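Once you scroll down, you'll see the structures, which are given as structure tokens.
Both complexes shown next keep chain A, but they swap its partner, so chain B is in the first and chain C is in the second.
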Partner chain A sequence: MSLSDLPDLAALDKDGALEEAHAGLTRAGFIVGSAIGGLALWLPSSASAAKIPASDQDVLNYALVLEYLQAAFYTESERAGALKGKAKKAATTVGAVERAHVKAFRDLLGKKAVGKPQFDFQGVTEDQKKFLKTAVAFEDLAVAAYKGQARRLKSKAVLTSALGIHTVEARHAAWMRYLNGNVPATAAFDRPLTRPAINKIVASTNFIVQKKPKTSSRRKPRYTG
Partner chain B sequence: MSHEFVENQAVSRRRVIRRAAVAAGGALAAATAVGAADRLHAQPSNEKDAKALNLLLLIDRAEVAFYTAALENAGLSGELEEFAQTALGHEREHVSYLEGALGSAAEDEPEYDFGESTSDVDAFARSAAKLEDIAVGAYNGQATNVSPGAFLAAARIVSVEARHAAWIRSIRDGDPAPNAVDTAYDEARVRRELRELGVPA
Partner chain C sequence: MRGRGAIALGVAAGIAAGGAVIAVNDATEQPAAPPRASVALAPPPARSALAIPPPEGLDDGPDVSRWAHVRTATAARTAPRLGAAVVGRVAERTPEGTTTVVPVTGRAEDAGGRLWLRVTLPKLPNGTSGWVPRRALGGYEISRDKLVIDLAAERLTLLRRGKIAMRAPIGVGQSRWPTPRGRFIVRNRLERFASPEYGPVAFGTSARSATLTDWPAGGFIGIHGTNRPDLLPGRVSHGCIRLRNPAILRLARLMPVGTPVEIR
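Right, the complex of A and B next:
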């Protein structure tokens, strides 16, 4: 199977990400067959979202908002240029993964995917200490959120994927904790958090802005993820 | 430094991004292919629970034995000692939970042969990372086989195993989270990888 065998790829691949990914994989010396197989599965369609139970779509959209938040945070931190050494490397790697999560959820949900909120990270992306502290909070929050939502998922395949992301968030949490000088694993059992609890914590940060920031803001306009 | 860590560090940013994107997309989009036939079992049986929990018990007991032996014989100090002590405490609690949940259905504990992994610092760090990865893969793999109560406990344990896996790699300057999605291991893979570490499985 080659790329040209895929149905109307260019029409679906508006931002060129699939083509670019394919080129990158080939250059990196991956086994082309399996790479294409992965991409074929990855193709978004409204039919695929329709096969997922509505309640699962709801959970995935909830997770998508948290992934938007994380992806924007790492992307902005990378661009702000205040990170050095291991923190910089971690932000780059983790940011790429969170962006991949966003893309995967959006592709899976198709037209049902919620839009990206606007963010204002209140300057925490411009200072390494604040960055690490916030990263620890975000990653621990994501672990607790996935854990809280997992039991609501009805589709076995969606659940398996969500669990696989849940443990990646836990790895990120431990990594950021290590870099921030915190113990990476503080208890034998991690606690789940409910949606209201998560929402309350996210709201308290004021990172999600509902309206476009006024241009008269005293700060320069920021990258909003 | 092990080959694994060296290799992980050599992975370029670009390749990490590609690999992450494809892994996440592939795993999630695979979900779309199954559709309505793919609902979780409404009523997992006690027998199914026992089979799954015994597999997890095998791993957590092996972790307890591994960290105990390493703390006695590997000359661990500093961060490595702190990690081993902390992980050991957590794994003991996991074993207690699993033994309690299984009751008389708990299988006997095997004898281990960890080789130099519990007497050499570098070998210890490599095996610890591998053992914790096996635990993550096994818990993720068995999560869909157990009843709701056991599922919740497993979900609370698996992220701690993932934290351990990332912690030991952080100490050794490895890549703590090399993939965008952690793979769920089936039973055969869990047993094969455990055997490679000296755990009769």
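Right, the complex of A and C next:
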């Protein structure tokens, strides 16, 4: 799979807001300046959990963010109740699996697990066409990401786990591609994607909220008392 | 052929990784030959580091409510379409400078395919709702908590997934400034301010006093501590919910912004 084979996430936004957001990030030097864009904000500064090499924990946390993203996407789709037919069934089924992935990562990483980011899917979860297109992109992205990180893993046990999830993500990708009218596999070989490439794509969607809404303050209350 | 001698059939297969050799001996031709079969097993697959649990179905139950923050100020309309009458406006910021959050109670699509959400507005009369464009709001958030204010019993109860997480006696509005009844939301949290009459922490709600309409900052009802714990419980306030300071501190540890509030 190449980058160009991925559905264009920016095309989901009719008004070009996503494209503008991505351009803004690039202009501000965000992707270069803050290392690797959106996902970087959620990566741990250090990791050294027992029995798992620190570099593997780093990869696991990176994967966990992608799993958070997928789980939140399908969960919100299911809650919104806007999907119908096979897409609804797929969202429900895949969502349950992605939540299981999140739980497994969190259980393994314990206190070393990164926190769940805040997401804003901007209505994509409430429109069947946009949902399917985004689902294809997310699943293809996950497959490429796992493949890209495999060579970095030192622990065979972690690699075995990653491969187990990788194939499931590939099945999800095939399912969503079928529902979206895409051919599940056109190339003889799939290519991995590097972290910067993955991060750039995720950042371009603006689905991960970079600036959380402010809901607390030190101002003196002026309630009725 | 059988009388001339023994014929042994052997099939050997080597598996490079494990060096496994499988030999099959035809015992009917050469029964005296000792079995030469040997199996050197390949290493077992590596165990998995992750214990993947079964797929987890959504377990929302009846106690989940949905809310969102306001991304851009917008008009709220009586129906989910651009031409519908304006019922009110939703501001980006509260009078306290925090981001406005609103309960989301419905969704609809107009003829042009645009998404609209029905939200409860922070305006009088309390309980007014209106439709706003989906894009005016941020991502959905959910709450599994519910704060119940029982005016008659002068008691606050925080429910988590329907179970009691906290209870406390409270002060409520005097008869001339009654605490409004209805369904609201916790909009913000203020702390580290120097104002002893509000205690150490104050929560802002979307409820508004129907009598103190000219109160600064709109007459919103808060949930806060007090410097007069001796008055609680009782009908002592201008409409706000007052708790003793240890109770408001405990509530602050348990209750996030976005929690729905039912005053009854």
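In the analysis below, the second predicted complex is superposed on the first by the 163 of 225 C-alpha atoms of A that agree within 3 Å, B and C clash if a C-alpha of one lies under 4 Å from a C-alpha of the other, contacts with A are read in each partner's own complex, and residues count from 1 in each chain.
Convention: contacts are C-beta pairs under 8 Å (C-beta built on N, C-alpha and C of every residue); 3 or more make two chains touch, one makes a residue touch a chain.
Given the structure is predicted, the values throughout are model-derived calculations rather than measurements.
*Asks:* Once the shared chain is lined up, is A:Ala150 touching chain B (first), chain C (second), both, or neither of them?
*Replies:* First partner only, chain B.
*Asks:* Contacts for A:Ala187 in the overlay, against chain B (first) and chain C (second): which applies, first, second, both or neither?
*Replies:* A:Ala187 contacts chain B only, not chain C.
*Asks:* Examine A:Ile52 and indicate which partner it touches, taking first as chain B and second as chain C; both and neither are also allowed.
*Replies:* Once the two structures are laid over each other on A, A:Ile52 reaches both partners.
*Asks:* Please work out whether A:Thr93 is in contact with chain B alone, chain C alone, both, or neither, and reply first, second, both or neither.
*Replies:* both
*Asks:* Contact-wise, after the overlay, does A:Phe121 reach chain B, chain C, both or neither (first, second, both, neither)?
*Replies:* Only chain C is touched by A:Phe121; chain B is not.
*Asks:* Answer with first, second, both or neither: which of chain B and chain C does A:Leu108 touch in the superposed model?
*Replies:* After superposing on A, A:Leu108 lies in contact with both chain B and chain C.
*Asks:* Is A:His172 touching anything from chain B or chain C once the two structures are fitted on A? First, second, both or neither.
*Replies:* first
*Asks:* More residues of chain A are touched by which partner: chain B or chain C?
*Replies:* If we count touched residues of chain A for both partners, the winner is B.
*Asks:* Pick out the shared contact residues on chain A: the ones touching chain B in one complex and chain C in the other.
*Replies:* On chain A, the overlap between the chain B and chain C contacts is residues 52, 92-93, 96-97, 99-101, 103-105, 107-108, 155-161, 164-165.
*Asks:* Which bits of chain C are touching chain A when the two form their complex?
*Replies:* The contact residues of chain C facing chain A are 45-58, 60, 66, 69, 95-99, 101, 107, 113, 115, 134-135, 138-140, 142, 173, 177, 187-195, 197-198, 202, 204, 209, 212, 215-217, 219-222, 224, 237-240, 257-258.
*Asks:* Which residues of chain A touch chain C in the complex?
*Replies:* These residues of chain A touch chain C: 52, 75-76, 78-80, 82, 92-93, 95-97, 99-101, 103-105, 107-108, 118-123, 126-127, 155-161, 164-165, 209, 213-225.
*Asks:* Which residues of chain B touch chain A in the complex?
*Replies:* Touching chain A from chain B are residues 13-18, 20-36, 38-40, 86-87, 89-94, 97, 136, 140, 143-144, 148, 151-153, 155-167, 170-171, 175-177, 179-184.
*Asks:* Which residues of chain A touch chain B once you look at their complex with the stated criterion?
*Replies:* 17, 21, 24-25, 28, 35, 37-39, 41-45, 48-49, 51-52, 92-94, 96-97, 99-101, 103-105, 107-108, 143, 147, 150-151, 153-161, 163-175, 178-179, 183-185, 187-192
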